[in-house]
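In the two complexes below, chain A is the common chain; its partner is chain B in one and chain C in the other.
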Partner chain A sequence: MDYAVQSTDQGLNISLTGRMTLIDHDKFRAVVDSIERLNGGICIFDLRGLEFIDSSGLGMFLIARDVAQPKGVDIQLLGAQDAVRRILQIAKFHTLFKIAP
Partner chain B sequence: MVRTLADRLGCAIGSDEGAAIVLLHPASDTGVSRAVAAGARLLMDVPVLEEVQALLGGAEPEPGSLRLSLASGSAFRINVAMSLCSGLVERGWLHPGRQVDVELCLHEAVVNAVTHGNLELQRCADGDSGFADRLDSVYYQLTLMPFAARRVVIDVGRRADGGLTIDIQDQGKGFDPTAPTGGTTYSGRGMTIMRELAERVSHRDGGRRLCLEFRP
Partner chain C sequence: MSAGLPPDARPETVENVPLADCRVLVVDDSRFSRAMLRRLLEWVGIRTVLEAGDGEQGLALLGETNADLVIADVDMPRMDGLEFCRRIREVPAWSGLPVLMQISAASDPAGMRSFEAGANDIISKPLNAGECMARIRLHLEKQFYVRRLSQFHRRLASDLRLARGMQMSLIPDAAAQQALAARHGLALSGHFESSEELGGDFWTLFDLSPHQLGVLIADFSGHGVSAAINTFRFHTLIERMPPQGHEPGVWLAQLNQPLKDLLPIGQFATCFYGVIDTAANTLSYAAAGAPSPLLLDSDGRVTPLDASGLMLGISSAPLLTVDQLPFGPGASLLLYSDALTEAIDQRSGGMIGEEGLMPLAIHAFTGGAEPLPRLLAAFDGVARRPLSDDLTIICIHRP
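Right, the complex of A and B next:
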């Protein structure tokens, strides 16, 4: 997995690309660090370039959510493609995150 | 020994595309996908005599099957699911429209076989440190015996209706598949995903063998 973090007027735009699995935890730790520095606002995960996510990857989004909530940061998952979108649905992530096409 | 046995029985062995028995030196994504696409029946990262004997002795379940046998380290290091499924599509055993589902299930199964099975790691604790600890534990256990020597064996078979059966076997202590999964907030969704995407999911051999079936 590769990632790019961009500050926006509202908060952060984090673009994830490639495959997101257990071995990417260290990289995702840096992503979570950037969320921890926010105070309110919106953090958008741009998933248009994410090709694959496994159950560990899902868990990492939940970590981000638990870090963001006390900070008043709203996490949104944007643009998941077919394979990733399907897994988000199976995991019922629509009940936990705002998911947009 | 493996080569001698294979030669005696007239079975091609090598690292070349088209060989029935392929030694992967070292195991790699492209090595697996190319060998599977080319029709290999047995792929190993190190020669395992018992595997060859089983294959040549007709112990495999069906003629239209293949076996991938990897040490835990290889199975964790390379993208087994992606490369195997890619090869199966090219070989004509897997419809491209089913590739994503099969790949995800196989990926979850292999990660479970390595971490929970061969390396005997429990589910990671909740919280960010849980994932970090899990990764550290995996890499540490992979340096220790007997964990490092244990293998993950994947058997792929074609059903009469064009579907696939995929068995993933580890060499760990096994577990009680009927017991509660003990999933945490952050982990434990692998079986849920597999049950959703596969046609059938079952366990054998005391939890050491996970059997997945996929419709065409």
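Right, the complex of A and C next:
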């Protein structure tokens, strides 16, 4: 997985590309750190370039959510493509995150 | 201090190599050279120096007593250093023994013959004390760390083998599975393989009543040791909170709460629990984010079941899918972990996916008894191995 973090007026735009799996845990820590520095606002994960996510990847979003909630940061998952969208559906992640095409 | 560094970037403490405990064998026909090497070795801190006058004596001495390092001269009577070194390399137990060869411009100018014979390093004569001591220290240290690492590796491998046996014992063995299923008039077989020594998959059966068989399949996030530990926790939890007397959805919700308390954020389990009732001819199930099980009727029509839901251990407000479907004679059920559909299809380079699994399932279940071996053979025909995740497959057929 590769990621790029961009500051926006409202908060952050984080685009994730490639495959998000167990081996990305350490990388994702940097992403979580950048969320932790926010105070309120919206953190958008741009998933258009994400090809695959496994259970560890889903777990990383849960960790991000856990960090974001006390800071009042709203996490949104945008643009998930076929395989990733299906996995988010099965996991009923729309009950935890705002998910949009 | 390392206070400012993240934990992973802290430098490892280097352990002192116990040079005083090392034993070095010096093989040289010149008494003067042997004495000089002994002096250098003592300066390095080595207390035990063994001496031999030629290759034959050297081999004999090595056979009687162990050494951590050998220094040999290329030129020796009876058996020269090159032959001595080749003989050492023929013995498996000495394959990693460091051998330093003393060479001279006349005997082996560039040291090539020594390296070909299996020497680890060369020391040019006349000896330079500083260089010679540095090379001795270097090879002893390397030897020490390699030994330390391989000891650690062996210990870990044997620990993991033991743990793997323990994990396998959580899963019902083939004879027990089949006997229990047969009592319920069902044919059942399961396949369980971890992508590493230990895995995060778990499955089991419950004899609920004379006409009700429960089947549970769970997959903990991640794989390896941490996921495996979670399967043990889960197993204990189930022993404490058995499913008897509860609807599937109620029972999974009950299991969810302690898992939520137990598991750190980011760890969870996908789960499917189904009850086959052979008196009511139904399959009742509850699911938490599991891959879609496939239901097949006697004509080979396949229905993927909705097994979506928030995985267990995430939220105190579990969100499960609960359903009941007909499961009469002729029906079959295929349960699996996501490694089956997320395996790479060698033909396309993409994932096998649910669409790719369906024809494999139809082939397996319509070809007669024993669908599991047929499914595995068909899967192995298309999937790229090794798999990157733990694989569980359960085939159930009601004749």
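By definition in this document, the second predicted complex is superposed on the first by the 101 of 101 C-alpha atoms of A that agree within 3 Å, B and C clash if a C-alpha of one lies under 4 Å from a C-alpha of the other, contacts with A are read in each partner's own complex, and residues count from 1 in each chain.
The rule is short, and it goes like this: a residue touches a chain if its C-beta (ideal position, glycine included) is under 8 Å from a C-beta of that chain, and two chains touch if they have at least 3 such contacts.
Since we're looking at a predicted model, the values are computed, not measured.
Undergrad: Once chain A from each complex is brought into register, does chain C clash with chain B or fit beside it?
TA: Here the two partners, once superposed via chain A, clash with each other.
Undergrad: Touch test for A:V5: chain B only (first), chain C only (second), both, or neither?
TA: The answer is neither, since A:V5 touches no partner chain.
Undergrad: A:I63 in the overlay: touching chain B, chain C, both, or neither? Say first, second, both or neither.
TA: In the superposed model, A:I63 contacts both chain B and chain C.
Undergrad: Mind working out whether A:I23 is in touch with chain B, chain C, both or neither, as first, second, both or neither?
TA: first
Undergrad: A:S55 contacts which: chain B (first), chain C (second), both, neither?
TA: After superposition on chain A, A:S55 lies in contact with both partners, chain B and chain C.
Undergrad: Considering only the touch criterion stated at the top, classify A:L96 as touching first (chain B), second (chain C), both, or neither.
TA: second
Undergrad: After lining up the shared chain so the two structures overlap, which partner does A:A83 touch, if you call chain B first and chain C second: first, second, both or neither?
TA: Touch partners of A:A83: chain B and chain C.
Undergrad: Could you name the one stretch of chain C listed in 24-32, 222-230, 240-248 or 276-284 that collides with chain B in the superposition?
TA: Stretch flagged for C-alpha clashes with chain B: 222-230.
Undergrad: Just to be sure I follow: which residues of chain A are touched by chain B in one complex and then by chain C in the other one?
TA: Correct list for chain A: 21-22, 26, 52, 54-56, 58-60, 62-63, 83, 90-91.
Undergrad: Could you please specify the touching residues of chain B with respect to chain A in the complex?
TA: Its residues touching chain A are 79, 82, 100, 103-104, 107-108, 111, 127-128, 131-132, 134-135, 138, 185-190, 192-193, 196-197.
Undergrad: Help me check something: in the complex, which residues belonging to chain C touch chain A?
TA: Interface residues on chain C, with respect to chain A: 8, 219-223, 265-268, 270, 289-292, 307-311, 314-315, 319, 338, 342, 351, 353, 388-389.
Undergrad: Inside the complex, what are the residues of chain A that reach chain B?
TA: 19, 21-23, 25-26, 29, 32, 52, 54-56, 58-60, 62-63, 67, 82-83, 86-87, 90-91
Undergrad: Within the complex, which stretch of chain A touches chain C?
TA: Chain A residues touching chain C: 21-22, 26, 52, 54-56, 58-60, 62-63, 66, 83, 89-92, 95-96.
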